[in-house]
């Protein structure tokens, strides 16, 4: 009774260039190609992951988007009709991965940066220092005094120093391969920043990276052991994820390999289910309880933060989270990535990160809490420009997820949930995971974020700012140029054409 | 007078631009179009450390010697040690647009303070190149009314109580502005050339142990008298040259502590930062200065362990107090009368310190000529970037601005 | 020019002549009088009681200008061959973009001295401020030199593309360095000679410490002699105490940019 859906992509093979090495066929994990009649033929099922295009030694392959097959209709567009047909076929909840592909939610593109002219000089970061050191953790707001002097012996809350205002977001072992996580961790180490472990424990092979790893305590508590809590730079309680606020996690049994079983401490082949909420947190005072037990268990040696998805009441929730004792708060925006999420939630629930950052920053300032907590923001940070704008809106640290994977080879084909990633990233199959060389991937991620950091230095230098903390929440240096001035009002950014103040 | 470099702007910009703004009649009331004030400036200060008085004419000479640095849109003076008969009371000096504003303020203050004495501040509009209207200037020597409902409700110490009252008046009462609220000091400022503001207030009639002054070269802001420098709260006053690129961060920070940024300038946030960091948080001047103009981490790494620890803690804790961008500031404080001079950590604005050969007087100015104009027998130096110069009445030169940042602190 | 004294082609101008408001002569009048004297063939101009007047001597070609007092900012801007001698301290931006000539300061000169100088010589007897000799450059035969007797602050010779800077470090406490931090940041031409201690952390990006070579000594010798002659001081020639700072490369930041078609 299934109705076929037209192909979306189609590989075109240039017969003149093709040397019939059949590498493309071997590399296509989606089984879209075959060799027949002395040439490469297309089976169907191409997802445009561009693996074949990239590895073809003679560059004989191009993937083309198939022209729309559906009658043009402005309301019942192709996506709408494809969804209807698919769900009529299956009766299922549509599953997808990566961040939402709905473009109307991008506010970053409507923000313009400032630069110095005349009244203050711009700074050349190549020749003069422009600092990007960033701290993650709680601050005291003032320094304790003793006998009229600053007491530099006094205990301070634990805090982490990073070389950039950037963290690699939580991507779990399970959603991605061993080699991928290894590359993310070692890039974090090389860059002296923090990478998130995701919900999946910390594999014993990665204990050497623990100073650069923030471990996640999510609702499934996978791999959360006394040992795990001792081997971290920081702990983050994951309440929600921007791509699927209010939703839990589901790693299908097929993906629970020997390796994953070991890290998550569950039997091989069983589903790994993360409940929707934490069942020890039904209210804010319960969160306080979990924060406290984690602080107690880590002997107050590491910062404990809380990650929430950006939802409509994010300002008030964030202030509650800080009052509950979080040392840092991570807000994950609507466009955040995922290894698997229902399309309905990914595309329709939550709040753009730009608005979330500004409202949380504003709320914390109004409540006198802003100088005590680190605000991390992620979910939709694609470039250094997004990073810079996010910081100017009020984030101390940005979390980057998808871009790190793209640096390694990911082409954002949105098929992670299938677990057969041709690039060896979002998969646990041995024949695929070995495609990713962790050393090369480390280098590529390191290169990317170094370049971003240089671009950050260029931009703040041009603004006449020589240390990134002076950009944090400095919304005076942003202007809105988009269609909806109400957005500008809400995020506290003036419209282009308005002066300072 | 067009053959003189120093005056030729008057015809082009000074007088005419005043005329253009006249019909709006901004004097004390904040201009409705005002968003942010910026501009470059000249600063000058003089202090006598032996308790002798410095006449107003000296500071006038200093600031007007650097007339190239101003464009007639704001200047001001602050004098410390001005009221030996009223050292215990807060001197609340106001600019009013009219008697209605004055009455409103007086009515408001009845619930808050006991006015011991009030007087009209002498002003004269003869021979000055400032177009009317002019503000009414009045000062009130006052003490918190301890038995009032307000005092009980606010539950603050005297200083914080006065700060709260000044913030409320400046934010809420139209056409009135409290320009200074410290003890034994007062601010004289307005929209005009330094020379004319000096004449308007006849600062030549005053003398005190310390004077600071400022002349502005703003890129905007019509004749708004309250917006000129020095900017003052309690016995703090700040004269500032430069533009802070981190203004958005600093402003949000001081607002978190209840300061109301009514003047729309970065200089105002600097004033509140000093009050917050030193008076309320108890930081030594060196540590406060370091928070505002910290050394680079690469330099911090080379410090001794204690200094490094302190420097790191300051940078971490007070990152929102960090004044980025170019500035040189002169900060005054009473009891003991103290002058602090500080330049940004890249030393992007000029500042020269002068020391009279007999060590009785010290001077700070944007340009050396301002110092030589009042005392040829001085030795001069420039302090290091981000390194405060501290001169105290009764003690003399406490810091030259060349010492290690935390000398005497750790 | 009624009150000016014209004797042996020497014009003396008293800049302290006060106006009706009691303020000294404005810079436009002062500079106009200097230019007038020079255009009439006067080779010696003496300025007395100078107090902050700016732009003195800008673009002047042939003449000797003697200044008593404190000249203002931009002293000798775009100077084109004249000699300016200051008996006192100079302020900021002395010798801005000068092309040729000499500026001699019997005292200190503060920030940004010698900005973008293309030729000529600046001699400072004592100390100088921040960003001294920034963006100096040389082209064909013109080569600027900047000689400082005492110490300087951060960013000396930043963006330096040519010419020579010499810091003699007189009066610097034993064990201290006569220069600040970020010295020669972005240097891609020219050279700096420092007498005294220089640590590698003081160097800016693209700068490197090298030994004094034989042909450097010739240049050093002539610069030091010039300093000695100008100020009547004696400088010890112990080459082991000198350090040379030179560019690592004439293009210090190649490889920084990515030119991929996006």
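Labels A, B and C are assigned to the chains in the order they are written; within every chain, residues are numbered from 1.
One rule holds in what follows: contacts are C-beta pairs under 8 Å (C-beta built on N, C-alpha and C of every residue); 3 or more make two chains touch, one makes a residue touch a chain.
What you see is a predicted model, and the numbers here were worked out from it, not measured in a lab.
> Which chain pair shares more contacting C-beta pairs: A-C, or A-B?
Most contacts of the two pairs: A-B.
> Which chain is the middle one, judged by CA centres?
Answer for the innermost chain: B.
> With chain centres defined as C-alpha means, what is the inter-centre distance between chain B and chain C in Å?
34
> Measure off the straight-line distance from the CA centroid of chain A to the CA centroid of chain C, and report it in whole Å.
Chain centroid spacing, chain A to chain C, equals 53 Å.
> Can you work out the whole-Å distance between the CA centroids of chain A and chain B?
47
> Could you list the positions in chain B whose residues touch two or more of the other chains?
Counting only residues that touch two or more other chains, chain B contributes 298, 346.
> So which bits of chain A are touching at least two other chains?
Residues 128-129 of chain A touch two or more partner chains.
> Which residues of chain A touch chain C in the complex?
Listed in rising order, the residues of chain A that touch chain C are 124, 126-129, 451, 454.
> Write out the stretch or stretches of chain A touching chain B in their complex.
Residues of chain A touching chain B: 116, 119-121, 123, 128-129, 131, 133, 135, 139-143, 145, 148-150, 152, 156, 159, 365, 368, 370-371, 463-467, 469-477, 498-501.
> Could you please specify the touching residues of chain C with respect to chain A in the complex?
155, 158-159, 182, 185-186, 204-206, 252-253, 256, 258
> Mind listing the chain C positions that touch chain B in their complex?
The contact residues of chain C facing chain B are 19, 21, 23-29, 32, 51-54, 69-70, 72-73, 88-89, 91-92, 108, 110-111, 127, 129-130, 153-154, 181, 201.
> Over in the complex, which chain B residues touch chain C? Could you list them?
Those in contact with chain C are residues 3-8, 64-68, 195, 298-299, 302, 346-347, 350, 352, 367-370, 372-373, 380-382, 384-385.
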